[in-house]
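Each structure below appears as structure tokens.
Two complexes follow with subunit A in common, the first pairing it with subunit B and the second with subunit C.
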Partner chain A sequence: MQKSFCSLLKKDLQMMISGKFFLLALGSLILYTLFINLGYVNFMKAPGYGVYMYVPQGVSYPEVFSDKIEVVQSEQELYDCLSEDTNGIGIMYKGKEPEFVLYYGSNTIDNHRIAYAQSLLKEKEFEDPIVVGKNTTEEKQRKEMSCELLFIEIIAVGFLGIASILFKEKQMGVMRVYGITPAPKAFFILSKLLVFLISDLIFAALLTIFNVRSSEAFHILPRVLLQTGILSLIMALIGMCCSLLLKDFKQFSLAYLVVALFISAPVFLSANTSAQNSWIKWHPFYHLYMGMKNAFFDFQSEGIVYFLLCLCSIFLLFWFVKMAFMRELSKEG
Partner chain B sequence: MGGIFYQLKAVRKDKMCIMSFFLPVVLAILLTAIGGVDLSSLEEVNFAVCKQDFTPEDIEWLKTYGIVHIYETEDDVIAKINDPATNILGVQKTGNSIKVLVSGDELELFKEIASSLPAIYDQRGDTNDIEVEVLPQPNFIANYKYVFIAVILIIAMFMGCVFNAMNMVSEKEEGVVFINEILPMTKKQYMLQKIFIGFIFGCLSSILTVCFSLRLALKYIPVMLLLIVLSAFISALVGMLIGKLADGILIGITYVKISMIIFIAVPLISYLLHLGETTVGKLCYLIPSTATFEGIMGMVNGNTTEVEKSIVIMTLHSILWFVLFLTIERKKENS
Partner chain C sequence: MIDVKNLTFAYGKDKEVLHGLDFHVDEGEIFGFLGPNGSGKSTTQKILTGILKGYKGSVRLFGKEICDFRSPAFFQQIGVLFEFPYLYNNLSVLDNLNYFASFYPKEQLRNPLEVLDSLQFKKDFLKKPVSSYSKGMRQRASMARALMSSPKLLFLDEPTSGLDPAGAVLFRKIIEEEKRKGTTVFLTTHNMVDADLLCDRVAFISNGDIVALDTPKNLKERNSSHQVLIEYVYKGERKTEIIEADELRKGMMFAQDEIISIHSKEPTLEDMFIKYTGRRLT
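On to the complex of A and B.
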């Protein structure tokens, strides 16, 4: 029994190597690491508001003001500065009182920008806010992007990988051969799950270590690996399900498009912005994504109900895949 | 001609192929439909306060600067501040002044807002009669929308690449490539048929996407068509190259994935970071989609010089890619 499982495992591993699955994973890992280290961390910046002031000659104005205010030489220059920095605020002294000029953002943001410029004009002292979190801006960006890319990699590429292998096996007639071997049928599914699980876990560990890059990487790793394991098993089972039920790889690509675009897009939008849709709570992938994100940020744990539900869905999917597999075997004769 | 007819017949039976060509069109329709949705709440600042700390007047004051979320306990407030999904700022009241709590991982802008808030609270009585000139701005979402449309158009134009690559790889996997060898058809005819299919469908998909998503000035319509034709031609060639290089469906997907990421990311980063005139910005034009992207944005903003520049660059690219393709073909034939 153990021997047949090992040989199945070996066969699946060889299929993955010949299908260049590991090359694809390595390529993705390099691409993502380069993107995070050279691109995302350097480009995602939002500086504070620029404040520009113009005082015509002969007009009296407060001599003392914050050095954050940039004095410009003409009215035109002030408008030019604002058109380049549309978040900025212009202060113009036409009479005794200053006039504030700004591009419309939103009512509340505009109120704040005006009050901000006023406080700079009065040289009010700003006090540093109290920090209650433990991440710096860069750490947050690294964790956020690593989490998103890991999620995409597992739901998109892992899903695709298992399908390409199953379709190849279907084509090669491996299913038919398997139907007459004495090994338990569940082994066929289990060996594939195990190979994909291990490769996803290695991918997750490397992505985390290369990109989170602080001493915290090893601290968060167990939770990240747990979430990766859950997601990997679910996606591999869904991938197997689709590829057993669908006729060929092209039909499968349709299902893949739906997963990659229409399932993951609302999850990312809801999880990363304050635009909350009430229905998103019913989206199972939202919870899986949040589980992953909370693991990366070492944020509140998910609780026993979440893990029980994951376990139940894995068993349910496994049972479903087994049924589909038996159907396929009987079809193959 | 008969060959092209058979290629078209194969496309008709291929749902995946039809879907991939229609995908950008569907995205363009969706984007036009959600264009009316107000996403301005994304630009707002969010504050978290503890219920017993603040009087209703203070909360009203805070509401003039952002959205206020009220929580029962201090722990809830801190949990919300640390929530990685949001940039929420916590506000505490101590005596007659306020203190702001941040998680420390916010972008510079939010840190600046947080540090300015106590000073603004101190001066809350003085903001009565101030003169403000608010300049109208094409709203942020409208600008984003055009960037999205340009990206979707690039996807549409370069769909021919995906189609040609996947089509050739699956022909290799299914053994059709061996049947092609014994058919009375020259290599040149076969290549022309393949380029033609990817090219025509890339063009059609882009034209439909433009119809659904852009309202262009009349003078730009022929230029847009030219840009579409050039981009679709290059993408069909790139697709053929990928199809030739890849020997399995997975490796084909990897190549397509990498080229799509490069085609989308390079022009987007160059545009968003205003790299245009710098050396890096000029180097970005080595990727054909940068010229397409800048051309589309030029048309949207009425910048004719930019449009002319992108057409010239795309023509050069078309010649270069065609020469590259022919050289690789000849080398393969010789070997």
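On to the complex of A and C.
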């Protein structure tokens, strides 16, 4: 039994190597790490909106204001600045109170921009709020982006990886051979799950260490790995299910688009932006994503019910995959 | 070895494909199961190999009902050659054989190199990936996989498909060797030559029913016209004459200068199949 399982494991590993899966995962890891360290963090450090001010002669205006405000000499020059920097905000003093000029974006963001420009007019640029949480801005950005990329990697790349292996085995017909070997049929599924799980866990550990970077990376790692494990098993089982039930890779690509669209789009929108959908609490992947995000931010909110539901889902999916596998074995050649 | 009684099977509610099959296969026998596409051959084989469940009737292998006997011990005793050579294309034949061998107890395994040698597998290709093999080599590799675990019951589906005539002769020799060792062979084929030369008994299956079951010799004899075709030359002209076989006792009762050939008008196995089923084996 143990020997059979080890052989299956070895063969699945060989299939993943020959399918260049590990190369793809390594490429993703390098790309994500470069993006977070050289791109995202620096990009988020970029200065705020450009603020341009025009004060006609003889009009009174605050004498002390932030040096981030660029003073222009004419109304025309102010408009020229705004046409070049469409996110910028113009301040014009025609009377006692300033008037704000900007290109329309959205009400919420425009109010933000105006509030920012107003804050620069004050002697004291920023209030000192009571800060909740211990993460610095950069740590927060690193954790947020690492979490998002890890989630994408598992639901997209892992999902596709397992499907590509199964379709290969389906195409070669070797799956049928398992039907007549003494090895337990569940081993065929379990070995693939284990290989993908280990691969995802290593990926998650490296991504966390390289990108969260602070000493906290090792502190949050066990919980990140737990959430990664849950998501990896669920996605691998869904991927197996789709590849066993669907006829070819073309059909799978369509299913993949649907899965990717319905999993990632609403989850990211609800979890990372102010867009709120009341139905999102019924979306299982929202809870998985939030579980992972909470793990990155060392915030425990998942209770026993969450873990029980995850466990039940994994068992249910495993049973379903086994049924689909047995159905595939009995198909015509 | 195999005992099938009143076997019925349906894919769904109204799609019955086997309508009460009855047959048995003795230990050490080569049993041919012949039928056109869609006749129920593959379904029967899948039930016998434990892949398909949900049949009705009784299917006993090694003296045990198969629905209670689908255990590793059962699969250790059977070997299956599928219609197509199912192998890992990215692995070599040796890696494939070692991989599938790992599912069986060591003591029942044959040396993969010896099995491949008996199948005249080209040595240069032993370590090359299966994707570089010809159809014949893939078939040899598949046969090696089926034989490697020294099965007591061998299911062969179109064993000589994809082989050149010399390869087909070699495969027949190997199947006969297996029979001599005591292996029972359940042979599914379209190839009438294979069935005629190899099988102790054959069953014709058509539309889910066994329409005839006997030795190839009996089937042909039973339906023979007992006539002979004589080709001869008379006064420089080539002629043919059909006479009753019994008439040969009296000698040649017609004028001739030279006899060229005498052929019995015995029907072929394919003729028999068409007679019993009204269909050709395609």
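The rule we apply is simple: the second predicted complex is superposed on the first by the 247 of 333 C-alpha atoms of A that agree within 3 Å, B and C clash if a C-alpha of one lies under 4 Å from a C-alpha of the other, contacts with A are read in each partner's own complex, and residues count from 1 in each chain.
The rule is short, and it goes like this: a residue touches a chain if its C-beta (ideal position, glycine included) is under 8 Å from a C-beta of that chain, and two chains touch if they have at least 3 such contacts.
Computed from a predicted structure; not experimentally measured.
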Report task. Using the touch definition from the top, say if A:Met172 reaches subunit B (first), subunit C (second), both or neither. Result -> second
Query - Contacts of A:Leu34 with subunit B and subunit C, given as first, second, both or neither - result: neither
Query - subunit A: partner with more touched residues, subunit B or subunit C - result: B
Query - Partner chain(s) touched by A:Val71 [first = subunit B, second = subunit C, both, neither] - result: neither
Query raised in the report: Thinking of the overlay built on chain A, is A:Leu316 touched by subunit B (first), by subunit C (second), by both, or by neither?
Result: neither
Requested in this report: Determine, under the contact definition given at the top, whether A:Gln14 touches first (subunit B), second (subunit C), both, or neither.
Outcome: second
Query - For the subunit B and subunit A complex, residues of the former touching the latter - result: 14-16, 19-20, 23, 39-46, 63-67, 78-79, 81-90, 99-116, 118-120, 122-123, 126-127, 129-137, 139-140, 170, 248-251, 253-254, 257-258, 261, 265, 269, 272-273
Query raised in the report: Mind pulling up the subunit A residues that touch subunit C in the complex?
Result: 3-4, 6-7, 10-11, 14-15, 18, 172-174, 176-177, 179-184, 329-330, 332-333
Report summary line: Listed in rising order, subunit A residues that touch subunit B in their complex are 19-21, 23-24, 27-28, 31, 39, 43-49, 82, 86-87, 97-106, 108-112, 114-116, 118-119, 122, 124-137, 139-140, 143-144, 160-161, 164, 249-251, 253-254, 257, 261, 271-275, 293-294, 296-297, 299-300
Report summary line: Residue positions on subunit C within touch of subunit A in the complex are 42, 46, 49-52, 72-73, 75-76, 78, 80, 82-84, 86-91, 99-100, 102-104, 145
